[in-house]
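Each of the next two complexes has chain A plus one more chain, namely chain B in the first and chain C in the second.
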Partner chain A sequence: MSRFILKRVGFAFITLFAVLTIVFFIVRILPGDPAMVILGDQASQQAIESLRARLGLDVPLPVQYVDFMRGVFVGDWGTSLISGRPVITEILKVLPATIELTLAALVLGAAVGIPLGVWSAIRRNTVPDYLIRLASLLGLSFPAFVSAVLLLFAFAIELRWFPVISSGRGETLGARLNDLALPAINLGLIMAAYITRVSRSAMLEVLGQDYVRTAKAKGIAFGQIIRRHCLRNTMIPVVTVVGLYLGILIGNSVLTEIVFNRPGLGRLIVGALNQRDYPMLQGMMVIYTLMVVVVNLATDLTYGLIDPRIKYS
Partner chain B sequence: MSTPTPTTRPRAPALRLALAAVGLSTVGFGVTSAHAEQTTLNVGMASADAGKLDPHVATTTPDKGLLHWMFSGLVRIQPGKASPEFVEPDIAESWTTSDDGLVWTFSLRDDVDCHGEYGTLDAEDVVFSLERSADPEISGFAADFSAFESVEASGEHEVTITLSNPVPSLLGLLVPYHGGNIVCRDAVEALGEDFARTPIGTGPFMFEEYQPQQYVKLVAHEDYFRGAPKIKEIYYRYINSDASRDLAFQTGEIDMIYGSQDQTWVERVSELPGTTVSVMAPGEMSMISLNTSKAPLDDVLVRRAVAHAMDRDTMVAFRGPDVTLAANSVVPEGYLGYTDDVPRYEFDVEKAKALLEEAGHPDGVTLKAIHTTLPDMLSTIEAVQALLREANINLEIELVEHATFHDQIREDLSQVVHYSAARIPVADSYLTQFFHSDSIVGKPTAVTNFSHCDVADEEISAARVEPDKERQLELWAEAQRKIMDAACAVPIYQNLQLWAWKDTLDLGHEVEGSLNLSPAITEQSQFTE
Partner chain C sequence: MSTPTATQETPTAGSAAYFRTSLAALGAGLLKAFNTNKTSWVGLGLFALVCLLALAAPLIAPHDPLDQNILLRLRPPSAEYWLGTDAYGRDILSRILYGARISLVIGLVSITAALIIGTTIGLFAGYFGGRTDIIVMQTMDVLLAFPSLILGLIVVAMLGPSVTNLIIAITLTAIPPFARIARAPTIVVKEREYIEAGRALGYSHLRLMGGHILPNILPEVLVMGSLWMATAIRVEASLAFIGLGVSPPTATWGGMIREGFENILDSFWLAFFPSIAILIVVFALNLLGDGLRDAIDPRLRGEG
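For the complex of A and B:
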C-alpha cells in the first residue's frame, strides 16, 4: 500500500513537472504583454520596454524557466505582475472558498445523484425512470451560468431567501451556509445529473448479474439485495466518474463563481489569463495540477475501501 | 498672470439630448434632509478584482473610479464635470503663471491632512508626488511630465513648477486623474511596495480594507479639508457579471452600479423604481484607423470611399441613441480643441463605389482587420462590415482574444484597426497619440498611431507649445481638418459612461460627466433616507 502511494506520488511529481513546463512556455508563446496591461494603452513603446525589463520579462526564457522551477519547489511562486501581491498569498486567500464550494457541490451531487440513479435503475422504464432521465439530461445540457442566473431570479430576487452577492466569508456557520447555498446548489445539480446517469447504468449492470438472480431465487428481500449486494458494486464506476468529473466541476465553478460573485480560483484564473499575469497563471496551474493528482490518488485508494478484492501493489 | 475663475458652459446639445432621453435628474438638488439614515454606500463595479491601486500606475476604469474618491490634486475639475474648462482649486488655493507660461507658482492650503497617521501635507509632499509622477521607473504617466524642468518647494506651502516649454492645459495634468494625484511622501516611503495595496492620499475617503475578488472598503476621512464626509463607509464591490450586478442593484444589496454600455441596459434600469440613471461624458470614441502605408489604403480615394460607406446614423441607432453620440471629427466631441468644422463624408454608397472605380478598383477592394473578441467592439465591427459591403468593400475580420489584439495591432499586422478609447479631454491627447508620426506603431516612441498618419505633425507639435489659447485652438482645428481630409481614420461614435444609483443617494452636485469615469462622491454626498 505505502509503496503504491509512493509510486503514485512519484508519478505526480513527473506530471507536475511536465504540466508546469508546458504552461510556462505556452503562456509566453501567447501574444499579449503584461507590461502593456499594467501601463495601459496610452503608454509609449519605451515605457513598455522599460517595465518589461523591471518585471524581468526581458531575461532569456531558459533563465526565467530555471528561476521559476527553483521557485516552485522552494515555495516562492513570485508576485503577481498585475497586483504586485505574492501569488501564493493571493491563491491561499481564495482557495478555501473554492474547496468549500467544490466539496459542497460534490456532497450534494452524490446525495441527490446516487439515490436517484439507483431508484431510476430499479424502476427501469417506468414514469419515475423517464422523469429522472429527462431531469438528468437537462442538468447535463444546461450551462452553469444560465442555471445560476435562474437560481438568482428565483431565490434571491423573488423569494429573497439568499443574497445575490455571495461573499464566501461569512463569520458564523449560518452566514457561511447562507452564502454557500445557491452556488453549491447550482454546481451540485450539475454534478447530480452526472452521478445519476452513472449510478443508473452501473446499477442496471449489477442488477443483471448472476449473483443478483441467485439472491432473488433464494428469496432474499429485494431491498436487502440492493443494499447488501448491489450498492457496493455500483460504487466503483461512480467513484471513477466523480474523480474524473471533478475537472468539469472546477470548470463550471469558474462560471458559478463569476455569476454569484463568489471569491475563488476560477475568478482568479480568468483575470490572470486576460491580463497575461504569468506568475499567477503558473501558480494556479500548480494548484490545479495538485488538485487533480490528489483527487486521482484518492479515487484509486477509495476503490480498495469499497471493494476489498482490490489490492495495491 | 492669471487667477483661477471657475467658469460654466452650457452642456453640449447632443449630450444634453442624451441626458434628457434617459431622464437624468439633477441629483438631489434642493433636497434637504435633517437626518441621513444610511451612511454606508455599496458600489458595484464591473471587474473581477482590484488591480494596482497606486494612483501613478493605475489606468483601468475600475481602479481609477475607486482612486477618484481617495485622492486630491493641486487643482480639480468641479465634481460632476469632465472638461478641464471647469478646473477649480483643490490642494492649491491659488496660482500664478509667468507671462511666458513657463513658471507656475501654486500656493497650497495649510490644512490638508494625509489619511491615517501621516500628518499634514506640505510643499515637500507635492514636490515628491509630482517627481514621482514624472519618474518613468515608477509612473505610467511619466511622458505627460516630460516638459517639467523642475518642481520646487518655494515655501512651506508653496510649490513652483518650471517648464521647458509651455504645456497645453498644464492644469489638466494637475487634476487628480493620472499623474496629478498627490500622494503623501511619508506614506509612500513607509509602505514601500505595499503602497500599491494600501494607497494613502488626502481625499474625502481613505483606504480601510481589501478583500480579494470581493471589495475594497473605504471609510470617511474625518479630517478632510473640505469637511468630514457625510457618507462614512464605501464598499467598492467587484462584480464582473453584468447580470449579477444588475440583480444585486435590484435587490438593494448595492446602491450604485456601473452600467453596461448598452441601450437596453438604460431602458431596463430606468424602469426600476427609485433609480437615477446617468449618462456621463467623456465618451469612449470608436474609430476605424486606415493604414495609409499599405495598398490599397495608401490611396486617399480608397480611404474616402470607406468614409463615404460609413453610415453614422445607422451606427448610432444600432448602438442606441441614448448612450451614443455620432462622431464627426477625429477628436471626440467635448474635448478642449474639438471642432466639427472639418471635411465631412456624407453617407453615400454610390459615391463610395465611384471613388473606388476612380482609384482603379471597379470590382471593389478587400481589407483585413484583426479584431478583438470583446462583445461590444465585435458587434460594432460586424455592423461596419455589413455597411462597407454595400459599397463593395469587403472587410475580412480576423478574430483574436483581446490581449492578442492589442499586441498584433501594435505589430502593424492589421490594415484596418477598430479602436475604442477615452483620453484626457484635450485635443492634444487624441491628436498626438493617434495621428502624430512619433506615435506610429513600430517606432520606439510608438503609442497608437495605427494609420501611419503624418499630415498634421506640424500643427499638433505647434499647438502643444502655443501660449496663445485662440491660436492653439485654431492649430488643433486645422490638424483635425487635415486628418479628416486625408481620411486617415473614420470616426464612428462616442459611447458614453453609464451609471445608476438609488434616488435616495444625493451626490450633492449635478452629474454631467467625470474624467475619472466614476461619479464624484464628495464630502457633500449623502443618503436622504
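For the complex of A and C:
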C-alpha cells in the first residue's frame, strides 16, 4: 500500500513539473511581448524596458525558468500589476469560495447522478431509461452560463426565492447556504448529467458480469445483489471519470461565478484578463495546474482504496 | 485461399481503387450505425436544418443584423420582429441567423483541424510505440485534464479575439482527445495479420498507417468529431460570453447573451432566444454523436 502511494505521489510530482514547464512556455511563446501587450503600441521604449525588468523578462530564459519554478514552490508567485499585492495572497483569498462551490456541486451531482444512473441501468430500455438518458444528454448540452442565466431568471428574478447576487460571504450559515444554493444547483445539475451517464454505463457493465449471474442463480434477492455486489464495483469507474471531469467542473465554475457575480477564481481570472494582469494570469494557471494534479492524485488513491486489486499492480 | 490473392492484387489494383472500396465500406458502416440508433437521424436532421438556415441567412433574415434603430430598442417579440429587438434596436432573429454562421464556422474548422492533427499524433504514437508513445500520450493526458475553457481563455487573451485566433485556441484544446481515441485502436489493429502481410510485402509505414489502419479507426474518430464539435460551439459561446468572442458589432450567440444579460430584469428575450439557439445546436450534435457511438460500440452504450 505505501509503495503504491509513494509511486503515485512521485508520478504526480513529475506531472506537475511537466505542466508547469508547459505553462511557463505558453505564457512566453505566444506572440507579442507581454510588456507591450500591457502598455499598448504607443508606449515608449523606456516604459516597456522598465516593465520588462519589473516582470523579470529581461533576464535569460533559463534564469527565468529557474526563478519561476523556485517561486512556485516557495510561494512567491509574483505581484499583481493591478492591486500591487502578491498574486498568491489574492488567489488564496478567493480560493475557499470556489472550492466551496465546486464541492457542493460535486456532492449534489453525485447525489442526483449516481441513483439516476443506477436506476436507468437496471431499467435498461424502458421508458424511464430513455427519459433519463435524454435528460442527461440535454443536461450536458447546456453551456453553464446559459443554464445559470435561465436559473437566475426563474428563481431569483421571477420567484424571488434566492438573492440575485450571491456574495459568498454570508455571516450566518443560513445566509451562506442561501448564497450558495443557486450557483451550486447550476453546477451540480450539469455534473449530475455527466455522472448519470457514467454510472449508467458502469452499472450496465457490472450487471453483465458472471458473479451477478451466479448470485441470481443462487436465488439472492435482486435488491440485495444490487446493494451487496454491484454498487461498489460501479463506483470504481465513476470515481475515475469524475476526476477526469475536473476540467469541465472548473470551466463551468468560472462561468457560474461570473453570472452569479460570486467571488472566486472565475471572477479573478476575468478581471486579470481585462486588466492584462500578466503575473496574475500566470499565477492562475499555476493554481489550476496544482488543482488538476492534486485531484488526479486523489482520484488515483481513492481508486486504490475502493478496489483492493489495484494495490498489487 | 483467398487471402493471398487479395493481398497480391492490392498493389496492382492501385491505391485509388483500394481507397474507393474502403471509403464505400466506411459509408456503409456509418449508414448502418445511423439505422441502428434512430436518435442519430434526429440529431443529424436538426443539425442539417441549422446549417441550412445559417447558409441561407442573407436570403431569409428579415432585417440587417447590424442595422440599429434607437427608436425600436428593447421591443418584445412582435409580427415585425419575431423574436424582439435588442438594446440597439437590432432584430434578434436576424442576429441569431447570422450568429449561427460564426458558431458553425469556428466549430467546423477547429474540429476538422484538431481531428486531423490529433488523429495523426495518435496514429504515429500507437503505431511506433516505445518511449515516444509514452511521452506524447502523457503530455496529451495532462493537457486533457487541464480545463479547456481556461486554456482557450489564455490563448485568446494573448492572441486577441478574432475568428482565426478563436479557431487556433479551440483547435489546441481539442487535439488531445483525438490523439487518445486514435491511439487505442491503432495499437490493436497494428498487430493484425493483414498489417503484417502488408509489411512483408514491403509497404511503407505511411502506406500501412494511412491506407490500412486509418480506415479502421475512422468511424470512432468521426463520432468523436461530432461530440467535440458540440464542445467547440459551447466553448466559443462561453468565450464570447466572457467577452473574448469575435468583436462586436458582429453577431455571435455568446455575445448576444452577454449583452442581453445586462437587460435580463426587464427584457429577458434578449438573452433567452440565443440561449435556446445554442442549446439546440449543441443538443443536436450530442444526439448525433451519442447515437452513432452506441451503434458503433455497443459496449459503450450511453457512456459520458
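A few points about this structure:
Quick note on the criterion: the second predicted complex is superposed on the first by the 267 of 313 C-alpha atoms of A that agree within 3 Å, B and C clash if a C-alpha of one lies under 4 Å from a C-alpha of the other, contacts with A are read in each partner's own complex, and residues count from 1 in each chain.
One rule holds in what follows: contacts are C-beta pairs under 8 Å (C-beta built on N, C-alpha and C of every residue); 3 or more make two chains touch, one makes a residue touch a chain.
These numbers come from a predicted model, not from an experiment.
After overlaying the two complexes on the shared chain, residue contacts for A:V259 are found with chain B and with chain C alike.
Look at A:G271: by the touch rule set out above, it reaches chain B but stays clear of chain C.
Once chain A of one complex is fitted onto chain A of the other, the partner contacts of A:R160 are limited to chain B, with no touch recorded for chain C. When both complexes are overlaid on chain A, the residue A:I250 reaches chain C alone and has no touch with chain B. In the overlay built on the shared chain, the residue A:V241 is in contact with chain C alone; chain B does not reach it. Contacts of A:F142 after superposition: chain C is touched, whereas chain B is not reached. In the superposed model, A:V198 lies in contact with chain C only, and not with chain B.
Applying the stated contact rule after C-alpha superposition, one finds that A:L180 touches neither chain B nor chain C. In the superposition on chain A, A:L152 contacts both chain B and chain C. Overlap of the chain B and chain C contact sets on chain A: residues 30-32, 37, 145, 149, 152-153, 157, 258-259, 270, 274.
Residues 48-52, 57, 59-60, 136-137, 140, 142-143, 193, 196-197, 211-214, 237-241, 243-244, 247-248, 250-251, 253-254, 400-404, 406-408, 410, 421, 423, 429, 433, 439, 443-448 of chain B are the ones that touch chain A when the two sit in their complex.
Chain A meets chain C in the complex at residues 15, 18-19, 22, 26-27, 30-32, 37, 120, 133, 137-138, 140-146, 149-150, 152-153, 157, 194-195, 197-198, 200-201, 204-205, 241, 244-248, 250-252, 254-255, 258-259, 269-270, 273-274, 281, 284-285, 288-289, 292, 296.
In the complex of the two chains, the chain A residues touching chain B come out as 30-33, 36-47, 49-50, 54, 82-85, 90, 93-94, 145, 149, 152-153, 156-157, 160, 163-165, 167-169, 258-261, 263-264, 267-268, 270-271, 274-276. Every residue of chain C that touches chain A in the complex is listed here, in rising order: 138-139, 142-150, 153-155, 157-159, 230, 234, 237-238, 241-244, 254, 257, 261, 264-265, 268, 271-272, 275, 278-279, 282-283, 286-287, 290, 299-304.
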